[in-house]
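What follows is a group of structures, each given as structure tokens.
Two complexes are shown next, each including chain A; its partner changes from chain B in the first to chain C in the second.
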Partner chain A sequence: MAETFAPPRRIDWVGISFAVVLTLVIIFPLIVVGTWAFTNVWRYPAIIPQEFGLRFWSQTLARPDVWSAITTSISLACVVTLLSAIICLPAAFAFARLEFPGRSLLFFSFLAGQAFPKFGLLVAIAGIFLGLNLIGTFWGVVLIQLVGTLLFMIWIPVAAFQGVDRRMEEAARDVGASPLRVFWSITLPQAGPTIAAAVLLTFVNTFYETEGAWLIGAPGIRTMPVLMISFINNQPVIQYGAVLSVILWIPSFFALLFARRVISGGSFARGFGA
Partner chain B sequence: MAVLDIKGISKHFGAGVLAVDNLELTVGDGELVCLLGPSGSGKSTLLRMVGGFETPSGGSITIDGEEVIHLPPERRPTGMVFQSHALWTHMNVYKNIAFGLKLRRRPADEIKRRVDAVMELVGLAGYGERQTHQLSGGQQQRVALARSLVLEPKILLLDEPFASLDQHLRERLREEVRDIQQRLGITTLFVTHGQDEALSMADRIVVLRDGKVEQVAAPDVLYREPATPFVAGFIGTMNLIEGTVSNGTFSRAGFSSPLPVGDGPVTFAVRPEALVIAPAAGAGAAKIHRVTDYGTHAIVDLELPDGLRLKSMVPEARHWTTGQAVDLAPRAFSAYRDNALIYRSNAAR
Partner chain C sequence: MTLAAASDIVGASNKRRRPVGLLLVALPVLLVGWMVIYPIVAAVITTIWRPDANGRYGISFGTYQFFFSDGYSLANLSLTLWTTVLCAIFLVIICLPIALYLRFAKGRLAAYVQGLAIFPLFVPSIILSYAFIRVLGPNGMVDILLNAVHLPKIRSPYLTPWGPLIGLVWDNIPLTVLILIAGLGSVSDASIEAARDVGARSWQVLVHIILPRIGNSILVAVSFSVLGIFSAFTLPYVLGPAAPEMMGPFMQRTFRDLYDPPNAITQAVIAFLFCIVFGLFYVRSVVKNQRGR
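Right after this comes the complex of A and B.
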């Protein structure tokens, strides 16, 4: 009879040091910010706060500018994501499936928005928007943020559509589905998870987008990140910033929960052509 | 009665690439016809034109007397099984099979009855709730087959359906598919590049080469009476010897044989089992290069003085050794000139 011997357990120092470094770099700042958000009094040199509490939550949430920033941010992110999907998804399908003159040139032109220093680009656009009276307006910010979403919302869905097995679509035609029905019942469900990943990325990126929102939106439009920056710059009290940070985590937390449900393993990677 | 009638069909890809060249083919009711040929011979293109996935450059395809060439795939009475299975991975087995019936808006109880029946037929009873990725390759192929069969197509199109399966499974599935096909009496067009598959399944085999038909015949006829040197070389193993005939004798290097045809170049074809070898007293016609024992028989590789290799099948390996000089006596053979059969010995018939 064969006996199995457990190999002598070796301590995986490399793994442990990775875990420690990651903890320090990612988890530790989160813990510090999270702690600050629920702290009433924390004076040097105490290691833990002298007094926990929700005092700064009630103070922060009592401010009308916070509430208006939350509404602005959420509606901006929703509108931009929706518009981006309406514009980009059909375009992505065309890029993936149709041959037309200038296809590759147009396709790679979406990189241009990311290839140059963003701030310079924004300033130039702001100049144009000034002439169009779009500075400080909701739709001005929508437009500028829309530009930032193009790359992900085109490139990832293109990969998703290209990744759908053409034989699957042919098999559906074969059993009697019209081209439109094939798109609806086969192509879209097959590409769905990857496209959902792109939509999610777009939503979260837009929610946290700061430069464009600040440059084009100020002073009329204040998003959460813009408000947080001004809090950090203008308030001597750390807790305001910390509370806002925690509030800012909420959308990405829900996005991640949603992502786990919608996106099967590897969809993101497939979206990037892996 | 002819169910499928293909007349003068051609397909060009781009400029000058002729995938299918003015091809004619008739498939009778309940017949299983294999399209056999090397890759690039146009067999898949032909099948895809019947299914409606490629538009022919010219010609006509009728099914039950009705012209289908202008119909899109969804309106043709054909059912296709793809090499890659092409199952819809976002649906379970039941939904995959039921999809076509749902599109036809059949009542729910009829859909259930027909899907269950076809799953029983292909040996997948009880697998309805499985996801496609939980199935083995053979089971996936059965789902693909069931998906087509449930719609009762007039013609079943199989595009190298077993190519992605291992040898053992392939042999079992082809027997099953043949059984199902005969039981349902469904007219079937089957593409393969494996001659074993074609020989074991088909009522008739169409050998294709460069988009043209080389020969259409029943498997046994194809094996015994290949019409061209290409078919002779493609079906089974064949020694093809290029040589010349003068005064009724074919010769090439040390090999010669009586051949009552006119003088000139000839391709002499003899199967390994018909090429009898005998120990030579002197130099002999050929030397043994290698002896491979397969248990039931042995294959002797021979080398003519000019280097041409031939194969001979012998009952036992032990009488033969490498380097031995042998004489050759073709027992049954045929001869080709200008790509056409010009002579077949009596025993070859």
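Right after this comes the complex of A and C.
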């Protein structure tokens, strides 16, 4: 396809300029943060830090607010992902394989939340939670984050279940395998990787969910992103924020390793209406 | 991800299983009803059906009248509109060339560019905010580098309306590029080669062949980012000015700090109204897309 626009062997100047500009704009700021995290002393206007080191790692990790934020974030993300998997995966299977009245309408009902600006919707939900005394509670945050996971956790697994080779299932049935056995030995291994990617993405998205946690959870529930906001606003020691950023990035790193295939594939973008 | 006709693996027992399907999807559907549909309906009703001075309930547009007569609220609304419109324009200007390049280029360099364009998906906006401050903030990395070559410092966009704008554009690049690339997939090589065979130049191919075919994808990408940007919270809250503020931080402050839910919910309903066209268009496109395959 390259031949259509540029004859072969010509240097791809457009590509090189995109690569350079994007590297500067996207990678460079993150390298600066990474450098700050491993810096003991960096006074303006030195280009290179005066002293590298891990001093602020031990100091950051010694802070009780950091540890309570880490445990809060992890337990929230685990509970939300688990609940989401429990209620969404059977639903995804039903949408993919079973006929029932209103199937199409109900399938698209998960888009309802997408038609509204997100924070406005969160404020509307918070108005309901006010009457239920869920503001500032763990379960209030779980509920609000759970709603945010539904679309992904149903649509991606539906695609996975529908992608399974039906002839293999039928062949297994023909030689006498029980439906459960077919599901366990044929369906799940084929749909599994995509579903695992959906679970991972749900965990990571929940881990980084900031707005619901801030609006509903404050002041009782303090997740890592929420703690990071207060570090940015009130913490004069730059390195605390940098170290927390690096720790905070770990789940994304795993998502990058394992879920990139799902995202780069066309079906992900098409799920967004492209 | 089509919702193709489901033929049950158990085939014959299909009809008997009907209620099972409904039962399996009941919980998430109820959750959407309770946590999305009901709050929106309730938000509209509670902001219109309000008690008057004597405590009697009736139709009242008091909170809306307050919003549209209050200078500060209007300043916040216009800042939000300014940011949203500029973000959408910048996103198209930046992402369309990237998507066009990726549609036609192959090889390692193109893969690298694509990887970079998608990378912000894997950077949570709170880390982005922090990186922004360290690079473009006062005495940030850009100042350090300028100082090293004896140039004056920049006027930092941190805590100005340009702060959230830059952050939001950065944050929205990946999905915009992905949506546009998917849209460009519908432009066939054959049609482009045909145009080039009759002597069309690159820009003519772009204007006459490519743009008409991806117009819809551009609208989808714009709608998606408008919905996200209009009520963005984290980036405007951390990077933006204290006053006027964008609708996201404004709603949050009204709700939590001023403890004024009726006015906060009114602001939310106003945000819904401003975005309703984009929201409906976006959802319609997704539905059409899912049905089409």
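Just so it is clear, the second predicted complex is superposed on the first by the 243 of 274 C-alpha atoms of A that agree within 3 Å, B and C clash if a C-alpha of one lies under 4 Å from a C-alpha of the other, contacts with A are read in each partner's own complex, and residues count from 1 in each chain.
The rule we apply is simple: a contact is a pair of C-beta atoms (placed from the backbone, for glycine too) under 8 Å apart; a residue touches a chain by one contact, two chains touch by 3 or more.
Every value quoted in this text rests on a predicted model; they were computed, and no experiment measured them.
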TODO: Check chain A with both chain B and chain C modelled on it and let me know: fit or clash.
DONE: fit
Task: When both partners are placed on the shared chain, which of chain B and chain C touches more of chain A - done: C
TODO: Considering only the touch criterion stated at the top, classify A:P189 as touching first (chain B), second (chain C), both, or neither.
DONE: first
TODO: Look at A:R181 in the shared chain and tell me whether it touches chain B only, chain C only, both, or neither; answer first, second, both or neither.
DONE: first
TODO: Please work out whether A:E170 is in contact with chain B alone, chain C alone, both, or neither, and reply first, second, both or neither.
DONE: both
TODO: Applying the touch criterion given at the start, work out whether A:E51 contacts chain B, chain C, both or neither, answering first, second, both or neither.
DONE: neither
- [ ] Go through the superposed model and pick first if A:A255 touches only chain B, second if only chain C, both, or neither.
- [x] second
Open item on the list: Quick check: superposed on A, how many Å separate the nearest Cα atoms of chain B and chain C?
Closed with: 6
Task: Residues of chain A that lie at the interface with chain B and also at the interface with chain C - done: 170, 173
TODO: Report the residues of chain A in contact with chain B in the complex, numbered from low to high.
DONE: 165, 167-168, 170-178, 181, 185-186, 189-190, 192
Task: chain A residues touching chain C - in the complex, by the definition given at the top - done: 1-2, 4-5, 12, 14-16, 18-19, 22-23, 25-30, 32-33, 36, 44-47, 87-88, 90-91, 93-104, 106-121, 123-128, 130, 143-144, 146-147, 150, 154-156, 158-159, 162, 166, 169-170, 173, 179, 182, 187, 208, 210-211, 214-215, 218, 225, 228-229, 232-233, 238, 241-242, 245, 248-249, 252-253, 255-256, 260, 263-264, 266-274
- [ ] Please give the residue numbers of chain B that touch chain A in the complex, ascending.
- [x] 51-53, 72-75, 78-80, 82, 84, 86-90, 99-100, 103-104, 144, 147-148, 151
TODO: Mind listing the chain C positions that touch chain A in their complex?
DONE: 1-10, 14, 17-22, 24-25, 27-29, 31-33, 35-40, 42-43, 46, 97-98, 101, 103-107, 109-110, 112-114, 116-135, 139-141, 143-145, 147-148, 170, 175, 178-183, 185, 189, 192-193, 196, 202, 217, 220-221, 224, 227-228, 230-234, 237-238, 247-248, 251-252, 255-256, 261, 264-265, 267-269, 271-272, 275-276, 279-280, 282-283, 285-287, 289-290, 293
